[in-house]
Amino acid sequence: MSEDALLSVRELRTTFRREGAEPLTAVDGVSFDVRRGQALAIVGESGSGKSVTMRSVMGILPRTARITGGQALFGGRDLLAIGDRELRKVRGREIAMVFQSAMEAMNPTLTLERQLTEHLLWHGICNKAEARKRAVRALGDVGIPDPEKRIRTYPFQLSGGMRQRAMIAMAMVTEPALLIADEPTTAVDVTVQRQILDLLAELKNRGTGVIMITHDLGVARYFCDDAVVMYAGRVVERAPMDRLLDDPRHPYSVGLLGSGVEVGGRDLPLRPIPGSPPDLSHRPEGCPFHPRCAQAELPRCATEQEILTIGPGRDAACWKVAVDA
Amino acid sequence: MGLAVYLGKRAVRLVLSLIAVSILTFTLLQLAPGNFADLQRVNSGATNFGGVGTESMVGELESRYGADVPVWKQYLIFMKGAVVWDFGPSYKYASRNVQDIISEAFPVSATLALLAVLLALLIAVPIGVFAALRQNTKTDHATMFAVTLGHALPSYLTAAFMILLFSATLKLLPSGGWNGPEDLILPVLALSLGPAAVLARYVRSSMLETLREEYVTAALAKGGPRRTVIIRHALRNSLIPLVTVAGPLLAALMTGTVFVEALLRIPGLGLYFANAAASRDMPLLMGTAMFFALILMVTNLVVDLIYGLLDPRIRTVGGGSHDGH
Amino acid sequence: MTATEGVEAVVGTMSTGEPEPIERGTTARGPWSRAWSRFRKHRLAFGSLIFCALLILTALAAPLIAPYGYEETDIQHKLAGPGAPGHLLGTDLLGRDILSRLIYGLQTALTVAFGAELTALVLALAIGLLAGYLGGRVESLLMAFTDVMYAFPSYLFAVVMVTVLGRSIFALVVAIGIASWVTQARLVRAQVMTLKEREYVEAARSMGAKGSTIAIRYILPNAIGPILVTTSFAIPAAIAAEAGLALLGLGVQPPTPSWGAMISEGSRYLLAAPHMLVAPAVLFALTLLAFTWIGDGVRDAFDPSGEQR
Amino acid sequence: MPDEMVRAESVTKVFRTRAGEVRAVDDVSLTVHRGETLGLVGESGSGKSTMARLMMGLQTPTSGRVEFDGQDLNKLPARELRMLRPRMQMVFQNPYGSLLPHFSAIGNVMEPLRLHERGDKESRRTKALELLDLVGINTGHAELYPRQFSGGQQQRIAIARALGLEPDLLVCDEPTSSLDVSIQAQILELFTDLRDRLGLSFLFISHNLAVVERLADRVAVMNKGQLVEESSTEDLFRAPQDDYTKQLLSAVLPIRQDSAL
């Protein structure tokens, strides 16, 4: 499975140090693969650990965080083992990142030019004049009109949609093999959302692998090929995107879909999951979802959880699903 | 809003504030007990005037100091002079005009204040950045402890400890006076510690705030070397608001050197002001108060302008949003 | 790894929903009880609180504790060093007991500081709340006035006030109080302005609450934390201001003792009698530090992330 | 009894900012009928939140009038407007921000009852406990403070508070958009349940078309301060007339394979 994978994450575990308390496990044994020219959705609600997972791979966690186990294989190297110096050469050059809000992810006091060219220079990809040319081209590619002029402006002088495009240009200017997009459309209006996704789809068609972190199942379905569902720091289900949405298996995935409202679904009954996601410092033993799960069977669900293969390219972290399959 | 309009508005506000300050001070001083001729007598050391001669003498003095006209007229006369830099003769230093005293004594205070602020910045910026980068470590706590000391002790108390140490015990430095460059050392050191503490605390928290910004993470995600990211993205943006603190500190120091001047017998403007108050030298008191208020206001205005220049967000809006305090 | 973020920051960036980390638990803990338990954990602040309580008791009971009156002279022992018979900290130029004068000086310092800060707080609260809450023309007027006062260096104003009112404790309270209310009024107003934008104020309006109810029952309790922080730092500042004015010869009328005057005197006889400077300077420094540490504790109690300045 | 609960008649709201005048709401007429749920849809900056505040009488329109049950809100003296408030209540986007942080959950729910002097302290307490129970908050947690609850629970408390005065009209401004999907579904269920049980009139504001479709009887669409379309929910989603509405609808990304679109 991982032979043609661009990035293979295996058993990743990340914890956060806390003052006067046990470390908090934010990511617990997460594994997945991303292939060239394909998009993987990491789906989950707040606190599910989806952002921390990707920040662990990128090595941009806060100081209080520690990666305590796992591998992230990329181009024959384990990103978690090569050290910050080597990782820095990958970061921004071979793996780039797009954030939720360009307003926050772009420095308000530096011009677009500075921000779109600085990493070309850091990585020694080209000289300053060439970098500027590439930056202008990148801005044009993402559909910003008059890029020659716009490159001299500051991020706050652009509209929300344009700013988001500029951030994508900033990520793409080094032509990375893998793009990590962290909720790239959450902060924009629906009418802009589609344009941003189409822009990213173009990159995908050119062979870039994409990991998209999202809580929006509609966005995931529109853009992604495969999906990983996370809950309380763990992967609960992994499946091709369409299969997940049309035939979810893990009780949490089922609940998530039952909670999602969509246009045209007025007469479908809502089936919300009762209760709220656990506080990571009080994560239930065994399957973290069992206290909210209608099908939970004690004591087994409260003591163990393992990931079982339930079909081609499909796994679920629920023994009951495997029994049914 | 154009810069010219903005400047014009600020200038009008400044003049109005100055007028308000002058009326306030003038009125208050009118309420002070005793007429100025009594004071004149006290100041000249005479004890038994009495008799007819005195009355004529008082009349003579009154007309010399322009006190024989109604109060409102006195105020107008004062303002008319003030506009052309003429505050009239001092009571206490009867042979000198107030403006000459200011011209002579202010450079002394200004030198002390400028040197102290420069020293404070030199101490504070590295300390603040250092503490921020090591947040919640022992180094950070120790640094912040030292900062609290600097913060809590007023300049004259620091100066007192310094003369105990450097003059009385080690006999390295003179314990006061104003004769040579070595007399600068104690007052500048003593004056700089308080501002250094304020600035260091500010730099630390501003730096912490900036380091938490998503654009710093984004810059790291682009593969920026840590040092470069810290300097170009974090430090730069966290030092911009420092102007708003350093400026008023400078202004406060320009007028706040008085205590150290008094303790170390330095002939600065502060000392004259204090003596003027103690000996009820109204023209000197009025003149210095107005001068100090002017200095404070101009400094604040300059700070706002510099702030606007440094931060493109404010620069384009026209600089009106920031108050500078 | 990036350098310097706390767990809160991560939770902040990861969460797409909840505004701040939820503190779950089954015991009800209001803002005040949380603040107090945080304050108690701040050892330096808690120790300082005890120390300052002792200082206040000493000042209240000065006549009982001080071995001599502050004017009493011992002609036999002028400029006696520390440890001289009957004079633990020595005597001054006139043979007055330094320890006794320090204790009475403490009385002066604390009376002036607390009086001044009370004055400042009342003025600041009234003006800040009115301006922040009423808005409109009242606010413009009050704030224009505050701005003028702000442009006036506070110690200059204090000096002018003492000149006008004379050298008494009352004059110092008024002078320092009036000189320091401006900063606080601006803070109160800023707080009120921030809180006024909070959704709960709009929610209260939509419930049909009156302006005065909103200002006093909803806004004030939430503004009080930051105000308390400023006030606790203002106390040592006022103590320093009293001593500073005394240093300039504008403090209380001698022979009533004041630490500033004692320091000023001490510095003049530095070489002959350094003990005259050492004792007041050290006690003064300790007092200021203790009050400042209390302020630190209060700040950490109300603003645990340490972000507000 | 007139059929109209609240009616806005060509209201315009202009805000003066440093950047110049902003027409947040531009000549909009909108009516919520008794017992119906009106959905108000728009993107950020469309003026929908301002419209909600105008209809609540929380802001004064620059021109036009708003009538609640036949009374012109902007002509009423402040005191009488306050007396009218119990009949119209509001639920906000950010539940934590809208609760009083220094009051416990039950204190928050009791506060409007206290303001309008409903019953004595004991009866207010009893009523508040009933309300908390109604919205699904464990009454054993009534003494906890807002920050000790999760976002979804905070929104439940805010709803309980809004219901305490037994309003005729409930205005909800993006009440689920700060919540996670699974929590959003719980709150939507709660709204549906409350509406059926209490017969409230609802003004429900959201940028989420699916949420509005599920709850509303009629839908109004705003864009750049103007009302661009208004019709029954069914018609609007089946056959949108306005270009902007069409654009909004076509931007929706379906989740299920068998979705109607």
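Just so it is clear, A, B, C and D label the chains in written order, and each chain counts residues from 1 on its own.
Just so we're on the same page, a contact is a pair of C-beta atoms (placed from the backbone, for glycine too) under 8 Å apart; a residue touches a chain by one contact, two chains touch by 3 or more.
Values in this document were obtained by computation on a predicted structure and should not be read as measured data.
Visitor: If you walk touching chains, what's the least steps from chain B to chain C?
Guide: 1
Visitor: Kindly list the shared contact partners of chain A and chain C, in label order.
Guide: Where chain A and chain C share a partner, that partner set is B, D.
Visitor: By CA centroid distance, what chain is farthest from chain D?
Guide: B
Visitor: Work out per-chain C-alpha centres and flag the one nearest the whole-protein C-alpha centre.
Guide: Located nearest the centre of all protein C-alpha atoms is chain C.
Visitor: Counting C-beta pairs in contact, pick out the pair of chains that comes out on top.
Guide: Per-pair contact counts point to B-C as the maximum.
Visitor: Just curious, how far off is chain D from chain B if you go by their C-alpha centres, in Å?
Guide: 53
Visitor: Provide the C-alpha centroid distance between chain A and chain D, rounded to the nearest whole angstrom.
Guide: Centre-to-centre distance between chain A and chain D: 33 Å.
Visitor: Which integer distance in Å separates the CA centroid of chain C from that of chain D?
Guide: One centre to the other, that is 45 Å.
Visitor: Hunt down the residues of chain B that sit against at least two other chains at once, touch-wise.
Guide: Residue numbers touching two or more other chains: 136, 214, 217, 220.
Visitor: Can you list the chain A residues in contact with two or more other chains?
Guide: 45-46, 60, 215
Visitor: Using the touch definition from the top, which residues of chain C touch two or more other chains?
Guide: If we look for residues of chain C contacting two or more partner chains, we find 2-6, 9, 13, 16-18, 22, 24.
Visitor: Can you check the complex and tell me which residues of chain C touch chain D?
Guide: Those in contact with chain D are residues 16-20, 22-26, 28-32, 198-200, 202-210, 213, 218, 221-222.
Visitor: Flag every residue of chain B that touches chain C in the complex, lowest number first.
Guide: Residues 17, 20-21, 24-25, 28-29, 31-33, 132-136, 148-149, 151-154, 156-157, 160-161, 163-164, 167-168, 175-176, 201-202, 205, 208-209, 211-212, 214, 216-217, 220, 226, 230, 251-252, 255-256, 258-259, 262-263, 273-274, 277-278, 280, 285, 289, 292-293, 296-297, 300, 325 of chain B touch chain C in their complex.
Visitor: So in the complex, the part of chain D that touches chain C is made up of which residues?
Guide: 53, 56, 58, 81-86, 88-90, 92-94, 96-102, 104, 111-112, 115-116, 141, 143-145, 147-151, 158, 161, 165, 178-180, 183
Visitor: Using the touch definition up top, name the residues of chain B that touch chain A in the complex.
Guide: Per the touch definition, chain B meets chain A at residues 136, 213-215, 217-225, 228, 232-233, 236-237, 240, 310-313, 316.
Visitor: Of all residues in chain D, which touch chain A in the complex?
Guide: The touching residues are 43-44, 150, 152-153, 180-186, 188-189, 192, 207-211, 213-214, 233, 237, 247-249, 251-257, 259-261.
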